[in-house]
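You will see subunit A twice below: alongside subunit B first, and alongside subunit C after that.
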Partner chain A sequence: MSAERVAVVGIGQTKYAAVRGDVSLPGLLREAAYRALDDAHMTMDDIDAIVVGKAPDFFEGVMMPEPYLADALGAVGKPLFRVHTAGSVGGSTAIVAASHVESGVHERVLTIGWQQQSVSEAMWALSFPIPFQQQLVAGAGGYFAPFIREYIRRSGAPDDIGILVALKDRLNALKNPYAHLHEPEISYDSIKESFMLWEPIRYSETCPSSDGAFAMVLAGEKAAEASAAASGVNPAWIRGTAMRSEPATASGRDQISPKAGQDCAADVYAQAGITDPVADIDMVEMYVPFSWYEPMWLENLGFAPEGEGWKMTESGRTRRDGDLPVNCSGGVLSTNPIGASGMIRFGEAAMQVRGQAGDHQIDGARTALGHAYGGAAQFFAMWVVSSEKP
Partner chain B sequence: MRDVAIVSVAQTDHRRAVPELNEVEMIQPVIQTVLEQIDAKISDIGFTCSGSSDYLAGQAFSFVMTLDAVGAWPPIVESHVEMDGAWALYEAWLKIQSGHADTALVYGYSKASPGDLPRVLSRQLDPYYYGPLWPDSVAMAGLQARAMLDKGMITEAEMAEIAHRSRTSAESNPHAQVKGSPSVDQLLAEDYLSNPLRKHDCAPVTDGGCAVVIAAGDRAREWADNPAWIRGIDHRVDSHNFGARDITRAPSAALAAEKAGVSDGQVDVAELCAPFTHQERILRNELGLGDDVEVNPSGGALAANPIMGAGLIRLGEVANRIMAGDAGRGVAHATSGHLLQQNLVAVLEGSS
Partner chain C sequence: MAESDMEDRSTSTMPGGLWTQPSVSVPDIGDGEVIQRITEPASLHYSYTPGRAPTRFLRGLAEGKLLGGRAEGHDAVYPGSRGMDPVAARPTVESVEVGPDATVTAFCIVHIGFGEKAPPTPFVSALILPDGAAASMYGTVLGIPYEEVRIGMRVRPVWVPEEELGLTSENITHWEPTGEPDVPAEQLKGHM
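Let's turn to the complex of A and B:
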């Protein structure tokens, strides 16, 4: 079976902020959707199906909000589909949208990921006790901190690697006008002096809580070429998509470098013909909500041998002038509307290979990896996009 | 298009409440059964997709734990929709159509019993205008039934007949929760629950779930003597502005039925997800099903309504009848949102 070729031909995002009180929930989504449609030189009438994704409905207090949003998204009379796969959902949603086109069933699909986190308190929404289940305790940071400590113990990494990641990503965010956090005064010392939240994660090494939405238009080969001819912007061709899941608790499971992440990377690289990830991939948008996850994912994704991811970070290889730029947009550390965060990674990768990333563009980026993870580091979604048609 | 079929179906014995089990414990035997029926293991499955709702579970990321019921180790290719399992089946069908998988496990489940379901469902309404009024799902459906009565589309006696027929049919369904019915006259003598709806007009509150295996081509023929081939499947949504549209219609159901090819052949059986008696009439109209079509021989949602699984069960019930040789071609329907706002329609067919 050979699937239909699929490309990203339209990208739009909102300005991210702690509170986007100037728009309603549908208004927030339409801000991103219209920008993506404009970019694709299409209108809502051109769209065959809409695929949306977001993290828990409790965050906005609307149960399964997609029927409510049907009118605002131009979905009336069309298929409207809702994905939810924890923190990886933005990436999974993009993959499900791609599946709509790859299958040959639909030609032009609008996909949107969002979260309006200002409506609730994410940390405590994730922390309430449930009978029979392990309690998360004090939000995601409290859950992931022990894994990070174990990574530091195993790898012998110096204790300031997290500071270097946070400094890099927050400085990168200054070149991204949509990023939530713009902190021109940030420095190594200011991060080091920020208060410790969950040892070893400091306040400035953790993601913010954001309102925002990200949208893309995906199209089959013919529609993609027509759109590119109209817009004058090269499509980002999807060269591979992969998803993997593993249980939160399984004997033999390694939470530090989960097998699901390794398998997912191997799968997406095989589809995209990538044999040497560092050489074959020009830039990565990686899901790093806590600074130390950059070196951890560098190893999990095969960019560095086990225990040596931190050396890539320390030597500056993941900076925008390094040989493997990571999170030129500022990443999750600078912008985190949870349900959109994965799609932002996928979409920023597509923006890079389309040459439309503005001030944070990596010159000559042709192949990029978008990465997202969720749950207890157990759900993974990845795609490889390229300026070249497969 | 690849030929894709339902080859195995399993469901819980549906109950009003299953307080002694959590969701993992409730759905695990169903997943085990659906695989055992075809001598398959999770390693034989190329893609897994489930449907459930955090609002029903009362917990963020509730679906994460049910991965334990699947036995997702080593890691599996897996996804989840915050929709009825019927839409999880749609995602799996797309995955197989795109060539990324040949087989898929699909499941949908919920425990509605811990909450006040009609009030919980009111949280699915627009949060700025409808939501703050807390209109519960039964009151919403009552408005729809009233509009139909006023237009002469149905009578209260006909609604009671639908309830009586469904629950009488459910007597032969070993999984059904509500079986058997008083006479239509006795039903009509009951008080209103939410005028013009009486208790018999409403689906029960149910804890339960369903699992299905689908497979492409030869793999389907290996796993089933008579696979239930998915000849068409489509879903559509209508406007949420209930005050601005005719709520006695469900245009999205008609459109999905047209795209799925319902009228391209004879319909031997139809399983329609109508949680309220009057909604069966709307769906019959929109799907163009004549009076000769047997509807809901399982008893339908009126006999058991595990939300998030009830639509997938409709697909499973039609598939079972085809696989058993009792029907040649059938139609299955799933719904989401209030007042049949979002609808999925599938056409299933045997080989002969």
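Let's turn to the complex of A and C:
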């Protein structure tokens, strides 16, 4: 039995900000959802099921918010399914939504990822004391900074590669009206001089805390073609989806380039018929919450040999005008509503192959990779979308 | 409520253009500054019952020993209170003393600490591999200028005075250098 073809036919996102005090959480979700439905030329009536994702509940301290949000999500009387995979949740949620259609059970599915970081205490949520265990007193970035230091040691990368990533992503964000951070004055020197938080990570090499939501409408082949005929926008066909995970601490695990990430990439490339990732993929939306993760993931995802990801960054190949543009939207470094961040990567990849990305559009992008990771760099979710039907 | 507002709230009709919040009317609340956000601390007290593996680990700590667990028929010793070997997917039924000497496998210099237990900044937060263990645990490295900490540096735990030992991880306050030669970093791969 072959799976149903699935496409992204509607995309909507909110304006991201440190505090979206102008809307309630239900209002935030509706802002994204209605924009996605509008884009798909559909109404809530057309939707068969809703799949949602956000970061763990202790971020905001409201347990299982999805039942009270059912009305706002248009889910009353419909299946409402929530996905939990830490920081990769936005990506995993989109994949689960796709499987709802792929299976043939539903024809049109609305998927939403969100976070309201303004009402949460992320530093606490990422390092709260667990009984009888030593508390991680280093804060959020203190968990990943040692792995970055080890990457720099192994690869021999110059110590300013992280600055180059942050500068590129923040400049890219200026072309994305929805991005949280718009810093036209940002420069190499201003990043270099920004406060050192978790050496080697500086303040300007770290993601912000954002409020926001991202929504997509996924449809089966017939519904996708009907939607595209109505909207006049080409669907983004899903060519492959993959998820992998591994334990946070395990003998033999390599936190610098986790095997789960390598396996996830190999799986999604095989499904999409990608044999030479740099040549076959036109752009990447990659989950980079700390600048150095760009070169690290370039290697993990097979775009560069081990130890050489930083050379792609340094030579400008991941800039908008490079041969593998990475994070044209500004990335997680410019916008980070945690539960939405993975879905933004997946959705921005879809926007690119639909030709919908506005000022940050890569001309002629036909195949794009959306990537998300979470937990202790242990949960991975990826999809490949294409302007061409599989 | 006006009819147009009702339409805006419906889940089954698409309003024209982008959806916006219906306008609200609030009774006069005076000219004072509008309060938009408050911080409301909350806490929850509960009793926690450790299972077998944490019990073994905590009893070891109370005797000034660092214990790890090993699954039957497997070599890897995991330091701390975990009850399972995540690779073998088997319970760690055997207690094995590890350390106390250990090696720094990775670290960062923290300039913005978190929590009441955080030392004054800057300080070093490190992954520390006790001798005989297969994976590292988090700890802080003090007793040396932070810029001199290295991957591969040998360290030992610093315990609270014997009369203060309890059933807690806080028995080890931090780690400090032993002065032994460094372990080559390549040997530490796979043990962070």
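What we mean here is this: the second predicted complex is superposed on the first by the 381 of 390 C-alpha atoms of A that agree within 3 Å, B and C clash if a C-alpha of one lies under 4 Å from a C-alpha of the other, contacts with A are read in each partner's own complex, and residues count from 1 in each chain.
The rule we apply is simple: contacts are C-beta pairs under 8 Å (C-beta built on N, C-alpha and C of every residue); 3 or more make two chains touch, one makes a residue touch a chain.
Values in this document were obtained by computation on a predicted structure and should not be read as measured data.
Trainee: Which touches a greater number of subunit A residues, subunit B or subunit C?
Mentor: In the superposed model, B touches more residues of subunit A.
Trainee: Looking at A:K259, would you say it contacts subunit B, subunit C, both, or neither? Reply first, second, both or neither.
Mentor: First partner only, subunit B.
Trainee: With the two structures laid over each other on chain A, which partner does A:A18 touch: subunit B (first), subunit C (second), both, or neither?
Mentor: In the superposition, A:A18 touches no partner, neither subunit B nor subunit C.
Trainee: Quick one: classify A:R153 as touching subunit B (first), subunit C (second), both or neither.
Mentor: Only subunit C is touched by A:R153; subunit B is not.
Trainee: Between subunit B (first) and subunit C (second), which, if any, makes contact with A:V76: first, second, both or neither?
Mentor: both
Trainee: For A:M196, is the partner it touches subunit B (first), subunit C (second), both, or none of the two (neither)?
Mentor: A:M196 sits against subunit C, while subunit B stays out of touch.
Trainee: After superposition on the shared chain, which partner residues are touched by A:S245: those of subunit B (first), subunit C (second), both, or neither?
Mentor: So A:S245 only meets subunit B here.
Trainee: Taking the superposition as given, does A:G142 touch the first partner, subunit B, the second, subunit C, both, or neither?
Mentor: So A:G142 only meets subunit C here.
Trainee: May I ask you to decide whether A:A270 touches subunit B, subunit C, both, or neither, giving the answer as first, second, both or neither?
Mentor: A:A270 contacts neither subunit B nor subunit C.
Trainee: Touch check for A:S99: first (subunit B), second (subunit C), both, or neither?
Mentor: The first partner, subunit B, only.
Trainee: Common interface residues of subunit A with subunit B and subunit C?
Mentor: 24, 61, 71, 76, 131-133, 247, 249-250, 252-253
Trainee: Where on subunit B does subunit A make contact in their complex?
Mentor: For subunit B paired with subunit A, touching residues are 1-2, 22, 48, 53-55, 58-61, 63-65, 67-68, 71-83, 87, 90-91, 94-95, 97-100, 120-121, 123-128, 131, 234-241, 251-252, 255, 336-338, 341-342.
Trainee: Quick one: which bits of subunit A touch subunit B in the complex? Just the residue numbers, please.
Mentor: 1-4, 24-25, 55-71, 75-86, 92, 95-96, 99-100, 102-105, 125-126, 128, 130-133, 241-250, 252-253, 258-260, 263-264, 375-376, 378-379
Trainee: Residue numbers of subunit A touching subunit C in their complex, please.
Mentor: Contacts found on subunit A: 19, 21-24, 27, 30-31, 34-35, 37-38, 43-45, 61, 71, 74, 76, 123-124, 127, 129, 131-142, 145-150, 153, 195-201, 247, 249-255.
Trainee: Where on subunit C is subunit A touching in the complex?
Mentor: By the definition above, subunit C touches subunit A via 11-15, 18-19, 21, 36-37, 42, 48, 50, 54, 57-58, 76, 78, 80-81, 86-87, 106-115, 117-119, 122, 125-127, 134-140, 151, 167-170, 172, 185, 189-192.
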